[in-house]
Structure formats: C-alpha cells, structure tokens
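In what comes next, chain A is part of two complexes: it sits with chain B in the first one and with chain C in the second one.
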Partner chain A sequence: MRERLLSGFDPFVLPFMIGMCFVLLYCLVAFVRLMGQLSRKERRRFFRSLFIPKNIARNVRDIFCDCLLHVKLWKRNPRLGYMHSSIAFGWFMIILLGHIETFLFVPHRAGLFYYPIFFRYFMVMEGTELKGSLLFFLMDFFLAVILSGIALAVYKRIHRAFFGMRRTTRLSLIDLIGLYSLWAIFPLRWIAEGFTANVAGGSFMTIPINWLLRSFMSNPENITAAWWAYSIALGTFMCVLPYSRYMHIPAEMILIPMRNAGLKVRAARRGFALVQIKSCPGCGVCIDACPMGLAGKKNSMDASAYLARQIRRNNQKNYRDIADKCLMCGKCKAVCQVQFDSISVRRLIREAVPYKLAHDYSYLSSYVESGAVSAENPVEVLYYAGCMSAQTPVIPRSVQRLLDTANISYKLMDPDGSICCGRPLILAGRSSQARELIRSNTRIIHSSGCKILIVSCPICYRMFREEYKLKGVQVLHYTEYFDMLIKEGRLAVRQGEERIAYHDPCELGRGCGIYNAPRRALSAAGSLVPVPKEKVESICCGGSLGSLTLSYQERSRIAVGSLKNLTANGPDLVVTACPLCLKTLADASDSTPVKDFAQVLCEHT
Partner chain B sequence: MIITDFGYCLAPSNAVKVDKTTDWRFEKLCALESDVLKCIGCGSCTAVCSAGHFSQMNLRQCILSLSRGQWEKSVRSLSRCMLCGKCLMVCPRGINTRHLILSICRIYCPGEGGSNA
Partner chain C sequence: MINKNIVIVGGGPAGLEAARTLRNAGLTPILLEGSDRLGGHLLEWDSLFPSNQKASEVLESLTADLEGIKWFTNSKVEEISRIKDIYLVRTSSGYTFQANAVLLTTGFSLFNATLKQELGYGIYDRVITNADMERYFATGEHPCIHEPKTIGFVHCVGSRDEKICNRACSKVCCATAIKQACHIKEKFPLAQVYCFYMDLRMFGRGWEDMYYNAQTKYGIRFVRGRVCEVSEGMDATLNIKAEDTLLGKPIRMKMDLLVLMSGIRPRKDTEDIASNLHIELGTDGFYSPRDPFIRTNESSNEGIFLAGTCTGPATLPETFSSARSAAARIIEYLESK
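Then we have the complex of A and B:
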C-alpha cells in the first residue's frame, strides 16, 4: 500500500479534528479540576495505586470487562449486553486496527490523529498482500458488528421489551443529538469506505457497496462528499460529548482506577462522586429496578439515572427533590454497571439542606445516667428491640419466647421505651445529631456488660454494624442468632407444612449481605418457595424510612407491587424479618398472611 | 366580609384566628408538606413518640398550634425528635410525619418573632 495524497491532508478532516481537540482539551481541564477536588490523601492514594502491579491488572481487566465488553449487562440481558458491547468493543477494535494499519504502512503519519480514522481515503492499494487483506477483513468484520449493534439500538427505541426493559431513560435534546450522530457515524463510514474500496481496498462489507455505488454514481466528487459527511458526524458527536451522557466514555476510564484505589464518596457533587455521575451512561437499568417505579409512572423519574442527570445539569431544586424521595433501598447501586453510589450522594445532598430549628437532646444524659439497663448480674446476651419493633409487639414477644425456650439468659435493653439507634437521622442527612444518639447507646450497651447484642430491626442492625464501635460486643440480627441456635441444636424447631415466601428486607439483604441465615432457619419450619425477584433483586416494601417525601399513597402502591412479587408462586405465608416490612406488607396484603420470622419459629417450637 | 345582622351570630371561635393562620410560614409549610392539613388530632403520634417518653415532645399539639398560628412555644418541642418514625407507623391519616417535622424545622425558627413577614 502507498499514500494516494502526498500532502497527507484534506480539508474534510477538519470537523473531526475540531471535535477531537475539543474533547481532549475538555477532558484535560476536567481532569485537572477533578484532581483539585480530591483531598491530598485521596490524590496520593489514587496516584500510588496507578503504580501497584496488582491494581494495574485490575484496572485493565475492569476497563476491558466493564467499558468494552459490558459483562454486567450481558448477565442482565444478553441482547442488551450485545447491543452495548458490540458498539463499544467494535469501535475500540476499529480504532485499534486503524492505528495498526497506520503503523504498518505509513509509520511517518502515525502522529496525525486523523490518519488512522480516515486511513482508506489517503491510501491506495498496489496488488494484494496477505496482511493487508487480513486487516481489511477485520475492519469490515468489526464494522459489521457495530452496525448490528446500532440496528439493535434503533430497534430498542421502538420495542424495548425485546431487551428485557420496561422503561428506558428519557433523553434530553443534547443526548438525542449525540445519539443520532453516533448512529450516523458508522453507516456513513460504511458508505465512505465503500466509495474508496476499489482504490484503497476493502472486504466483504465495503466491496459490495463499492459495486453498488459505482453502478449509478460514477462522479468522483461523491467520494469527498461521503467522507465529509462521515467526518462531520464524528465532529458533531465529539462536540456534544462533554455535555451529553456520552461523557461516560472518558469518565469511566478515570472511574475504574479511582474505584480500585478504594476512594469513597465524600461530597455530593465533587471528586469521586462527580466521576461516578459523569460515568452514568443512562443505560436505564436502574429505572426498571427502582421500586419507586411501582408507585406510578412519574415516580420512575426519581431513579438514579435522573439524579445523575440533574446533578450534571446543576439543577439544585430537581436533584434535591429526587434525593429526598428515594427509599434508599440500594437496589439501583446493586444493578448499576458503574456502581454509582447514589445512596451516599443522596445522603450528602440531604445533609446540605439548612434547618432553622436546632436539635436538643439534653434528655439523653439523664436517660443514660438513670441506668437504662442495670449493671447488676451481667448476662451475655442483650436484646434491643428498637423503636420499630415496639410498634409490632409480636416481634419482641416472639423473640423473648424463643430465647426462653432455648434457655438463654438475657436482658432487655429497652423494656419500656428506648432512644433511637440513629440510622433514621443519618438517612435524613443529619448525621451530627445521630452521633449523640450513638454515644448514648454505646454507653448503655457497654454498661450492661453484654457480649452479644441481638437486634430485631435491620435498620438498627446495620447502624450498629457500620456506625458504632462496640468493642468486645458481637452484634447479631435475630435471624443470624436463631439460625445459629438451631444449628447448634439449642433451639428445636418442628418442621411444618407451610409454603413460605421470604422477603429480604433491604437493610438486611443488600445492606448487610444477610440472605442465607433467615432462609436456613425458615426451612427448618416450613418449605421455602422461590420468589421471582429475591436476594439482591428483592423489591423494597415501600415502608422504608429512607424516603423523606414519598406519600402514603405512593408507599402503598409500592407495597402492593412488592407483595405481588412475593406471592407470585402462591405461598401460604409471606415471612419477613423487619418490623417495618412486616407492618407495611401486612397492611397491603388482603389474602396471604404476612408474619415475622421469629413469630413463625415460635409457632414451630 | 359583610355579615348581615340576623339578630344572632356565630360565637367567635377561639381556635381559628384567620389572620393568624394565614401566617406565611404555615403557607410555606403547606406547600412543602400538604399532609399537615390532614391531621385529625388523634394523638397517636404523641402516644407512641420515643422522644415524648423523655421530654415534652408533642407532635399533635404542635400541628394544632401551627394551624392556629401559635407556633412560638410549640415548635421548640420538635427539637427533641429523633426521626425514629414510630409516629409514621401509627398515624391513621397516613401523614408523612417525619417529613412534616423536617419541614417545620426548615421553616420555623423560635425567637424569630411571630409577625407576618
């Protein structure tokens, strides 16, 4: 192969070059600003991790699997996975092969950005050589892969159920411009390369196009027109990229090393959070996953995809509204391909809301000093029912009966009224207030001299695990504790006939990763029936204290939807292990009884 | 409003003072959390309140006072709330009590004076 144009330049490359330089400049500035937003420690940690071999390997693997192959989406739905990865991976391969071609045939042009992209325009083929035709074949092959992906993407706009999606992200104008220019790039490239295929070579895709085009368009002017169109499509795409969801392409390259360096979200719209927000491509997986969608069509506009968008747009009113609504169930993060930590972002947004009335917990000290739990006759086990369980007396009653049956000597931490664990405050973005409750509860727990703290509320449980530093005290959820007692043979449970559907409370399941202990214990009492969406995919009951603004009606609709999922396989009984889920689901159910975990065990002893 | 004198009249209410209830704060509160208008004053929230166990926290009374425009004394009690959500679980009207409390804390500030701004 040799060059066709000695100058190695044609004005049509200008739109592409303008777009390319703009994107590079934008990314450079954004990167510098981002580094400025990180704390010194974070920065050091980030740069250091870039030189640790294990981290480098992880980064490369993650970039390959997440950004190019979209493994997570493949697992979710193969068609969706193919659509995304064919475009991403195919494009990557075309760029890579373009560079290889340039290096092989015209190494002195390798410094020009546009050369690998418009390679076929500048080259002319002399005879056939093997490596040339292999590259031509690969180029055409990946072009075909991308085109198939784009055909699927177009089809997805019409029929998303084909991709296992009920709802997709509603696009803004700039996203649409980006989308249409992206769709246009590859067909235009096909035509442009088709025009030059007889001179510069081609393969199974471009040569037939060449025959077709030459049969009715013999004017060589058409060639440049086609290449102009291709370059303009590329240029448009790159110019809108920083302002559209396609910013996720460069952002993910930073996100992955940052995540592997172990950075955490510390500010709602700066630093690591900003990278996560920019990395959201608006794939829309979280929209279907979000239980708020069950409350109504307009509630699906509160999903994480839209939170990211409103923050990108800097629309304070909208992102505050969205942040306040969320149930903090954590499902969107669990399904998200970029692991957008929307929960922390939402919490931090809530934290920034100003309050005029300051809190006053002066009563705490007298409560702690009054000796809420007597220090005399210290016992090993302390049971904290918590505020919520106080509203569902069946839970503390059953727990106590089970403890008695198993001959455990225990004490109650809150026999008559307790102070809250503090998690509701943290979820509402008032963590400094929560600290006061944490301090008081910690003192009470330590003064009791217990070794094991049992809690029946998953909200408290997560709080004790994550925010309290209870040295020498093991915190257990009652499902874990009773599972242990059954396993050790200290608690005998009679096998029954009931078919049980178990509901994973958000804070216990996704929050603390406890899925199996309650299932194991329950299967000693009845037979578990599978639930279509369970474990990580379980649907929030709607009662969550995480949401600040969801109305009662919206919550009820979520509860009905969640219950529908639980009763899909016709169980005799729905069982859960959270007082709030119990109350919410029981209110929503009119046929299947809803019971608590301890209550069911109690009935079988 | 002109009320024709029929020779008898309604006893003046000592609960509802129209000019006071149209306090801008209460209007703002209704805009933030319209549930406040749904309260029937049943007192369930107060009965179960965790903070009420230790202090003078009384949500029912506070809502009532706010709707009457008498907020200086009552809002201060809300500073004891731990947002635990017990009241949310029991309210027969399905009022989003936690958001109501947060909204009140955002708008009202004791010591700011009670006049209409």
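Then we have the complex of A and C:
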C-alpha cells in the first residue's frame, strides 16, 4: 500500500475542511463561553472531576454507552435503538479505523484532518496484505451497518408506526438540511469508494459496486465528481450542525462529564442547562411520552424536544408559553435519552417572569401562634392533610379512621386549615415566596414535638422531602406508613375480591420513587391488575398543579386518556394515592369507580 | 296527514305538552318514556316557583286526558334508523315504531354533586342536594333534618364552573334556591338560612319579588361568594369555608345542613343519540337547533325535532312553549311532505 498522489492533496477536500474547521472553531468558542457562564465553584468542580479516575471511567463508559451504542434507547425501543446506534457507532468506527489506517500506512499524514476520511482516494493497493484486507473488510462492514441504519431512518419518515412511535419530531428547515446531508453522506461515500475500489482496494461492499457499474466507474472524470459530492455532503452537514439538532453530537461530549461532575441546572438558558438544551437530539421519545399529546394534536408541540428547540431559537414568547403550560409530571425527564432536566428549566423560565404583586404573609403568624399543635402534650405522630386533601374530605376521614383502628395516638396539624406546603409556589417559579411558608410550617412541626409526620398529599410530601429540613422528624407518605403498619401487623386488612388498578401519582412515583409501598398495601385488600403504562411510565391525570395555563377542557381530555390506560385490563376499581388525581380521575370516569388508597384500606378493616 | 306517525322520545313536561298539542290537532302521537312513569323531573319536585304551585297538580293537568295519545312507559329508545323518509324507532320493550317525524324531548339530568368532592356530598350526611330537599318537602322526612339551626344553600354547583368544564348558567337554580330557602324557613322559623351565590339571576316574571320577600319577610341572608371546603366537626355539624367577596374576606361557619343547588347538565345518552341521528351538539353538550332564532325546534337532521331542556336549561313555562311550538312546526313539516 502506497500513496497515489505525492502532494497528498486534492481540491475536493476543501468543502469538508471548511465544514470541519467551522465546527471545531464554533465548539471551541462555545466551550469558552460556556465556562464563562458557570460559577467559579461549578467550574472548579467540573475540572476537578475530569482528573478523578473513577469519574474518567464513568465518563468513558457513559459516552460509549449513551452516545455511541444508545443503550438506553435499545432498552426502550430496540428498533429505534438499532437505527440510532448503527449510525452513531458505525460512523465512529469508520473514523477510528480511518485513523488507524493512516497511522499504519502513512504515518507522516496523520496530522491532516481529511486524510483518514478520504483515505482510499489517496492510496494505491499493491498486492494484498492481511492487515489491509482486514481493515478494508471492517470499513466496509461498518459502512454496511450505517447504510442499514440510514435505510431505517428513511423508512421511519414514511412509516413511524414500525418503530412503535405515534408522533415524531417535526423538523425545521435547518434540521431537514442536516438530515438530508447526513443521509447523503454514506451512500456517496459508498459510491466514491466504489470508484477507487479497483485502484485503492476495497471489500465486500465497494468491490461489487465497482464491478457492477464498471463502464461508469472506470471513467476517471466521474471519480473526482463522486469524491467532490461526498466531500460537499460532509461539508454541508458540518456547516449546518451548530444550528441544527445535530449539535447534540459535540454537546453530549461535554454534557456527560458535566453530569458526572454533579452539576445542577441553575439558570434556564445558561451553563449546564444550555448544554442539556444543545444535547437534545430531538429523537421524539418525549413527544409520545408527554401527556399533553392526549389533550389535542397541537398540544404535542409542548413536549420537551420543542422546548429545547424554542430556547435554541431564543424565541421567548414560545418557550415561555411551553414552560407555563407544562404539567410538570416529569415523564419526559424520566424517558429522556440525554436526561434533559426540562422540569428545572421550565421552572427557571417561570421564575424569570417578573411578578410584581406584593405578598401578605401576616396570616402565617396566626397559624403558628394558634397553638393547634403545641408542645404541652407532645405526640409521636402528626398528620398533615394539606389543602388538596381538604378538597377531598374522604381522604383525611379515611386516614383518621385507619389511625384510630391501628390505635395510633396522633394529632392533626391542620384541623382548621393550614399553611400551604409551598409546592405550588415552587412549581410556579416563586421559590423565594415559598421560603416564608416553609419557615412557618417548620416551626409548627417542630413545636409539636412529633417524631413522624404523615402526609396524604404527594405534592406536599415531595415538598417536605426536598425543600424542608426537618431534623429528627421522619416524613412519610400515608401509603408508606400504612404499608409499614400492615407489615408490622398493627393494622389488619381484610382480603377482598376487587380487582384494583393502581394509578401512580406523578409526584409520588417519578417525583419520590415510591412505587411499591402502595402496591404492597393494596394487594392486602384486593388483587392488583397490571396497567399497560405504570410506574415510571404512568400517565399524568391532567389535574397537576404544575400547569399554569392549561384549560380545564384540555385537562379533562388528558384525564380521559389517562383513565383509558388505567382501565385497559378491566379493573373493578381505580385507586390512587393523591387528592388531586382522585378528583381529576373521578370526574373523568363514567363506569369504573375511582377511590383513594386510604378509603380502600378503610373499607377492608 | 292524518295517517302520518310522530314519535316523541321522553315523557316529561315537554313530551306530554307536545303530545297533547298534536293530539288536539287531530294527530295520534306515540309517546315513549324510558322509566315506569310519565312526568320526568316533575315527579321529583314538590312545588314550583314563583307561585308555589304543587308540581303534582301541574303534572295532573298534563296527564288528565291522554285520550288519543299512544303512550308507552318502560320503553327506552335503543336505536333510531332511517329508511328514506321514514324513521324506525326500536325500543327496549321490543317494539319498533315507524315515524315520519321524531321529536326529542329527552330533557336533562341533574349534575352529579359527588363530583364536587370538596363540598362533601355523599361523604357527609348533612350535605344534601336540591332534589333531596324537594323529596323532603314532599315526604316530610329526611334522616338528617332535625331542627337545623343554620342552613346553607350553595348556588351554582355544577354550573358556571370552569373546573368541571361547564361555563353555562343553569337558569333555574337561583330561583329554586330562594324558593327552598323560604320553605325551610317556614318549617323552621328559628333557623338562620344563608344563600351563597355568585350572581342572583332573577330574570323571570315575579322572581325579583320572591328575592325581595326572601330578604324582608323571611330574613334569609345572602352571601356573595363560593363555598370552597366543607369538613365535619365532632358532633357531625359541618364546618364550611367560603369567601365573602363583598367584604373581601374568607369566612368560616358552622352549618347543620348544607343544600347544594345541582345544575342542569345534558343527559349521558345525549351524545349517543346525537351520533346515532347525525345531529349536532353544542359545545355545552346539548342538542343544537338548526337556527338559533327561527328554527329553534329543528335539529340539523331533517325530520328530527327538538323541544324542552334537551336544547339547554329552561324554566317550565319556556319548556311548555317550546313543546307547543315544536308541535306546530311538526304539523307544518308533515303538511309540506
């Protein structure tokens, strides 16, 4: 194997080189700007993590598994996983093998960007060598893998149901240019390498095409044209890359080390959030997952993939609209391939909207001083029903009955109304206002002298877990507490005949990771029926406090859709453990009764 | 025209009045009622505002003379199909009727108050609805009404409420609430009666007088604001939270009885019938007339006519006039054929 051209250069490499240099320059500038956006502490943390061996190993593993092999996507949807990983991993291997070839055969050209890419144009094969043939075989093998991926990608545009997708991302013009140039790159490479296959050598992909189209391929004028076309496709792709969704390719390389360094989203459109937004590949997994899609066709444009796009475009009106409408159920985050923390981003966008009303906190002191709970006769267990449970009286009533049955001495934290836990304010992006409520509630809880705080509303529960610092007080959701009582034999539950479908409230399931306690307790009262989409995949009921602008009509359509999922296997009863879910689902249900967790246990004691 | 058939679906006030009018014009209408008695919601009501006439008297005069009307109870309509100009109406009793014109007088259903869980209907015994109250007036018995000292009436339950996706006003609950408030006050003169309202829509003839008397003669207190939460105290009294929007303050009260004024909602089968007959529904879920001014009794499908509250909330006199005008329109239609 030797070089065919002594100069080692041909003008056709220029489009590729322009694109390549542009991308590298863009990424460099973006990286410097990004570092400027991080706080000093974050920056230090990030750079330090790059030198910790454990982190290095994790970064390498994550980049390999997430970016190249798409392991998460394989688990979720094997066809889609194959499509993405064949292109990503195949391309990576071709580039890698190209570099190995250059190093092996023409080490003095190793510094040139274009040499490994257009290797076969510059080389002549003399005789056969084992390592050359092996490399050529591998190159052709991965080219075949990529082409199969591209074929699937083209087919996906025509028939997405084959991939189990109801909806897929609607592409913008620049994304389409990127997409078509990406599709063009590999067939053009195949043809270009086919032209030179009789000179530079090839393998099972390139040699047959050279034979098949000999009369056309043996014309030397066509050779340069083919290589030009290949280079132009590459150049176009790289030039549009920073402005299209394909920016996710370089962005993910930064995202993974930053995530492993433990950085958090602190600003909506800067720093770590910006890396996440740029890392969104628009794969469309969140679009089908988003409950908004149940509200109407146009509502699917509120999914996280479109939020990322509107932020990239800097379209303030649109991204604020999307951020305000979201139910904050967290499903998009749970299914996201790049773990885009869209919930925090939305919250921070809401926070950035100026809010001029003065707040009146004078009422707080009246609750703190009312002495509803006082230290005079401290009790072990304090029950906080919360304002949503006050709207569904069946819940506090059932909880109190169960506590009485189990002979627990307890006190009510809010018999005459309460101070809000603060979660609605946090969700609306008013965290500093929420602090006032947190302070007052903390004082009330501590003054009661309780050891256990039971909460029946998952919204409050998540708030107490995440935002309160209650030293010496164990916060339990009532599902956990009653599950514990049943396990310890302090609460006897009679086994019934009913077939129960359990709905995971977003804040309890995805929010706090509690999936099994309610199921265990409920299976003591009846038999649980599997629900097609449950646990992490559970569909928001539509009643969430998270949305600021969603209309009740849209919400009720989501509720009907969510209920359809719950009743798919014909349960006698739908049970949930959240006052808001209870209200929303009960309104939407015509035939199957919807009951609360405590209510069902109560009926079986 | 005399041998033309007309099927009326629904034996409530509208259906009965339309049947009578058609009969008086020399026709033989067929009246189908799904339940076992004619009369519809009139059967459940004790007295009618503003005159306080007994509902049973009105019903009696409607059903006194059914000569010439073929009426069938326990005959739920299962399917209506069309062959050219003839409709075939199949009922649950196993009959199929041929009709040249079909009049829908299917009426409404009362809002299911258990859906407003925060008001505690179905959870607390002392929370009742307007229908329960009428039953109490008719029978004089209710397990939870013993000398109540404070009684609250909650207006607009299931009406004018974005949260249950119904912005529409039910038209009759304001007057019903005032009528019931005065009645209960007559029964328990020592009780304090409150009405929690958003607006008092006293548009009918004589209704303002009712409202005036309620304040001056009966001493009923009107609080402008919604009740938002109800909970039960130790002695089974109700603790309610509301807002007085005139004072701009949240208020709390203890109540011995809370009456929810359930509003008028479309019947559950409205949608099925509409899709079966290809007639249009309004966004509120009631049947849409072909024209809101002139052809109010015609549906978007030829030969299908509408009367009464199946086209939206209406008072009883409005229902009767709508039934009579539907009858007149049907006669015109059959003559033109």
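Just so it is clear, the second predicted complex is superposed on the first by the 601 of 605 C-alpha atoms of A that agree within 3 Å, B and C clash if a C-alpha of one lies under 4 Å from a C-alpha of the other, contacts with A are read in each partner's own complex, and residues count from 1 in each chain.
Everything below uses one rule, namely that contacts are C-beta pairs under 8 Å (C-beta built on N, C-alpha and C of every residue); 3 or more make two chains touch, one makes a residue touch a chain.
Everything quoted here is computed from the prediction, not taken from an experiment.
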Side-by-side fit of chain B and chain C on chain A, or clash
clash
Taking the superposition as given, does A:Y552 touch the first partner, chain B, the second, chain C, both, or neither?
both
Where does A:P354 make contact in the superposed view: on chain B (first), on chain C (second), on both, or on neither?
first
Should A:P424 be classified as contacting the first partner (chain B), the second (chain C), both, or neither?
first
Go through the superposed model and pick first if A:L582 touches only chain B, second if only chain C, both, or neither.
second
Determine, under the contact definition given at the top, whether A:M413 touches first (chain B), second (chain C), both, or neither.
neither
Which holds for A:R397: it touches chain B only (first), chain C only (second), both, or neither?
second
Spot which of chain B and chain C makes contact with more residues of chain A, would you?
B
Give one of first, second, both or neither to describe whether A:V455 is in contact with chain B, with chain C, with both, or with none.
neither
Report for A:L241: first if it touches chain B alone, second if chain C alone, otherwise both or neither.
neither
Looking at the overlay, what does A:C541 touch: chain B (first), chain C (second), both, or neither?
neither
In the combined picture, which part of chain C sits where chain B already is, 184-192, 220-228, 292-300 or 328-336?
220-228
What part of chain A is shared between its chain B contacts and its chain C contacts?
390-391, 416-417, 551-553, 583
In the complex with chain B, residue positions of chain A that touch it
324, 353-361, 363-364, 366-367, 387-388, 390-391, 416-420, 422, 424-425, 428, 430, 437, 545, 548-553, 580, 583
Residue numbers of chain B touching chain A in their complex, please.
33, 35, 48, 50-51, 53-55, 75-76, 78-86, 88-90, 94-96, 98-99, 102, 104-110, 112
In the complex, chain C residues that touch chain A:
114-115, 117-118, 120, 123-124, 162-165, 228-232, 239, 241, 252, 268
Note which residues of chain A are touching chain C in the complex, please.
390-394, 396-397, 416-417, 551-553, 556, 582-583, 586-587, 590
